[in-house]
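What follows is subunit A paired twice: with subunit B in the first complex and subunit C in the second.
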Partner chain A sequence: MPPSHPSIPDRASAGPPSSELRDLAPEQSGVAAVGSAALSLFASARELYSLFVRTLYYCAKGRREPGAVLVQMYEIGNKSLFFLTVVMGFIGMIMVFQAGQQAKRVIPDLTMLGATYLELLIRDLAASIGALMLATRVGAGIAAEIGSMVVTEQVDALRMCAADPIDYLIKPRFIASLLMTTCLIVWSAAVAFTTGMVTAYSMFDVSPETFMNVSLVDAGDLATGLAKCLAYGAAIPIVSGHSGLSTFGGSEGVGWATTRAVVNSSLAVIVLNMLISAAAFLIFR
Partner chain B sequence: MASPRSIEVKVGILILTALGLLATFILVMGGVNFQPKYSLYVEFDNPGGLQTGVPVKIAGVEVGKLSEIHFRGGQLGKDGRREPLVRIQLRVEERYQQSIHDNATFYVTTQGVLGEQFLAIEPGSTDRPVLPANAVVRGLDPPRLDMLLAEGYELLHATVTAMREHREEVGEAFDGLRKTLKGTGEFMHRNQDRLDRIAENVEQMSLDGTDLVKDARQKYVHNPQIDRILANADQVSSTAARELPPLMTDARETLANARRLSTTVGGETEQAKIKKTLDDIAEIAGRARSATADAQEVLAHVKRGKGTVGALVMDEQLFDDLQELARDLKHNPWKFFWRE
Partner chain C sequence: MHQVGATFLQIAATVGGMAVLAGQIATRVATLRVDGAEFMRNLYKMGVKSMPIVAVTALFTGAIMVIQAAPLVERFGAHGLLGWGAGFGTLREIAPLLTALMINGRVGANNTAELGTMVVTEQIDALRVLAIDPVSFLIAPRFLAMVLTLFLSVIFADALALLGAAFTGDLLLGVAPAVFYNGLTSGLLGIGDVMSGLVKSVVFGVVLALSSCQYGLGVTGGAPGVGRAVNATVVASAAGIFILDYFVSFTLD
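Coming up: the complex of A and B.
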């Protein structure tokens, strides 16, 4: 269970709103500060793990609520579509332009530009950049919504009705995010590749047939990319939901929770990216 | 918020779009191909950077893919030689099978200078039989650039070391070469007229030589006389060839006879006899010579008209008398019987 009345900040980075509790707690220094930071990190990792396991439990055993999941899918997926399309479109253009400029200095032969770009996009960049964008948009939304429900004591009301807020609030967002993150990232990869292709054609005269070269992409790359989609799709609602549920202290607390959700979701995306890339390197090298 | 119905449609469209994109990409990546295929095995000692899934191409057209790479560890073959280290399985579309003949060449090459590697097939000559499915062929190992670099480096290093250690000798050699070239140049310059003349003479000589050769050809090659001589020689040799065997048999017989004779004559008693006979013959000849001398003396006597026969031969009076007598007798034959 998330702490119902947290008295100690979860993270040093997510400084709590000023309250009288802070004045009472002794200022820690030196080794003690390191120890307390490590302990709080460990505690929040444990809470995240517990939240994740309970979400999975409710996905399997909880009540069926297709309407709520659908609404969340619409909120997370379709409403992020325009944002993600624009962002990934520009990123595709920028990356191909810069990569082409650099490659032209090394070897003035850009026939493999599309192949390497596609491999990079599928293996890493589409999922990671797309997920970072989603973390800012979706994570902030989830944390703000749940955080304001916490500070207005709607979550406590749910608990009083013997309804677990994880089942009611986190689970639909989790399922929706898992599905829609994958869909959005596939879409944004297609967008980024298309804009990259257009850029390569207009800037470097690389024909679309040459650019559309899938020879460097193998099943390992695709599996890595899809695994990242799923991992990010799972991590964003869990981290953001945890931030939202651990909100305290009124509207200022909601603001802190939102900030923390975005920061921690982005951090989770980067850390998971590193872990999955390392695992993929070991498995598919 | 939109109505639940339109939400469902929008979400469905997004999911279907994403699934469609993913499926399309997987199909493109996997190289959707439902053509029937057959296997070929190619053996290499070092297939370079080939990996499973790289394309197999004939004349730049993709005809299949590399499906497996087995490391075989260089086992000894039936003929006692080490087999190639790596065997590669190719899956080639059956519609291209008729183009690959059993003297086809399989080699590893790259797309562009630094592009990806692929396996290329040079299809072989059309008069050879088609390579059957599951055939094992030997591939052409790709050029070992690393080996080339290593060996080239060694060569260069040795050259540089030699140059460095023998700097003076090399300098002297170059100096000598420079002097020689300079001397030659000066010589040429000094004797330009003569050299020109020499060149003209050589040219003239070559022209003359050409004429000479032409004439000689006319005289000795395209000459009926030569042909005749050759024909005669041919005839002689053929005759000789025909006649020689009987001659040889005769000669052999003669030699046999001679040998028999020599064996007969070879004994000491026979030789003594022959010597005696020869002595006798010499004596006889001596006697004959003295007899001849006597006869010559007699004849000289006769010539001088001495003696009866001499008078008869040498006295003309007598001859006239006799002639007259003979004439008289011819006219008056009865004088033999009648005495006047």
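Coming up: the complex of A and C.
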């Protein structure tokens, strides 16, 4: 146990500590457990909000460093491209296969399969599944990198030099993620649609001309999809940067931080998805 | 070209390593040389501790399914079919897939970090020195616990996602829970749909467990190495889950 361990709320919001600490800590029960969980949730939400606001401040007022942003864009964008292409390709095949299989039980006519699929893809699937994958790939990467820097005291060194780690570490990732998430999701929608088209042609004999039907896609769908891209692109680096910066406790701590980053950014994607979908449904119905 | 070849060789080496590990685990399980206490400890740590995340994910997923189906339902006025639509999507695909992804982030990554830390601090070598087989003491219990965790979590998630869907349908579309329940049980959905999801959950559990143990045991290079391994394992498991999902759905029908 390090001599100066973080305060109790910090430790609670930082996920499970090493097992010795857990055994030493008194077991809470009933109201106390619920209360401490609520308090730590509230504390994390406040920290995330403050991190978000400070990142936005540095985006507007901070140093200009296109080089760092470009490096992060390569790291976040190009390196995720292969992974995202594979996953979205398979997702396209699975979705069309399952939907066709089920639709045949109810309505024998599959001409609207492509139009419905494209609408769903633009409004929700491409952005949400793509962002879940990015939360895994990019979130884990950011947390592991920043977590290692914290553990090896490079972040403290930055603070010693009067440089805010948010300006140097989080801001470039934030801008890069905002841009590259949008690009990657547009690309993944294209991939998923293409593989879906091939599946529909080979399994259900729906010709590509019938499948490529944009009649159901309207401005509301596009706006929803784009809003999701931006929201996920902003949420992933903030959430995983936060768990990276709150790393403590050696190599095990880096592992914990990475785990927390993946789980929390996936949860953030799911919660944002529900909020934006519900809002879009109520606005554009 | 060189890079493509290197990537391919690396993937082949990882898959091969996973197969060898699977063989080792299978012999330990077949001869019942699995540490029971470690199994129970991991089952608690992986299963019980992941319940809140699984529950939150499932409730929100059910809600999202209904919100996405809502325009279609309103367009065709097919309120009775809402239960069927949400039910089939949830049971067959979304619940196993999203539960596996969340468990991948929570348990798989964690397992890699733990095993990786043990490797870096030479605890595995210490076990070997004490003539304790690391596979039967550490790996096989984790493998079994992870598969069982995912299987049980998917059952749990199925139920909660349908609950979330019924609640959202009532709130957003005015479809009464009884109508939703009728749509769910009207005969368009069978036990086959539930079984398909459960078969998937077992397959995903095997992939998750193998890849997280494999990457965890292969850690080199201190704290940054653990971070890199965790990153690699979540990416590899996620890709593996989606690829196998396709093949499982394809072979089951």
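Basically, the second predicted complex is superposed on the first by the 264 of 285 C-alpha atoms of A that agree within 3 Å, B and C clash if a C-alpha of one lies under 4 Å from a C-alpha of the other, contacts with A are read in each partner's own complex, and residues count from 1 in each chain.
Just so we're on the same page, a contact is a pair of C-beta atoms (placed from the backbone, for glycine too) under 8 Å apart; a residue touches a chain by one contact, two chains touch by 3 or more.
Model, not experiment: these values are computed from the prediction.
With both complexes superposed on chain A, which partner does A:L81 reach: first (subunit B), second (subunit C), both or neither?
first
Identify the partner contact of A:D218: answer first if only subunit B is touched, second if only subunit C is, both if each is, neither if none is.
It touches subunit B, and subunit C stays clear.
What is the contact status of A:S202 with respect to subunit B (first) and subunit C (second): first, second, both, or neither?
Touch partners of A:S202: none, neither subunit B nor subunit C.
Between subunit B (first) and subunit C (second), which does A:W256 come into contact with in this model arrangement: first, second, both, or neither?
The answer is second: A:W256 touches subunit C but not subunit B.
Please determine whether it is subunit B or subunit C that touches the greater number of subunit A residues.
In the superposed model, C touches more residues of subunit A.
Of all the subunit A residues, which ones make contact with subunit B and with subunit C?
Touching subunit B and subunit C on subunit A: no residues.
Residue numbers of subunit C touching subunit A in their complex, please.
Those residues of subunit C that touch subunit A are 49, 53, 56-57, 60-61, 63-64, 67-68, 70-72, 74, 81, 84, 88-89, 92-93, 98, 101-102, 104-106, 109-110, 112-114, 116-117, 120-121, 172, 188, 222-228, 230-231, 234-235, 238-239, 242-243, 245-246, 249-250, 253.
Which subunit A residues qualify as touching subunit B in the complex?
67, 70-71, 73-74, 77-78, 81, 107, 109, 111-112, 179-180, 182-184, 186-187, 189-190, 214-219, 222
What residues on subunit A touch subunit C, complex-wise?
Residue positions touching the partner: 16, 83, 86-87, 90-91, 93-95, 97-98, 101-102, 105-106, 116, 120, 123-124, 128, 132-133, 136-137, 140-141, 143-145, 147-148, 151-152, 250-256, 258-259, 262-263, 266-267, 270-271, 273-274, 277-278, 281, 285.
What does subunit B use to touch subunit A in their complex?
1-2, 4, 7-8, 10-11, 14-15, 17-19, 21-22, 25-26, 28-29, 53, 55, 111-116
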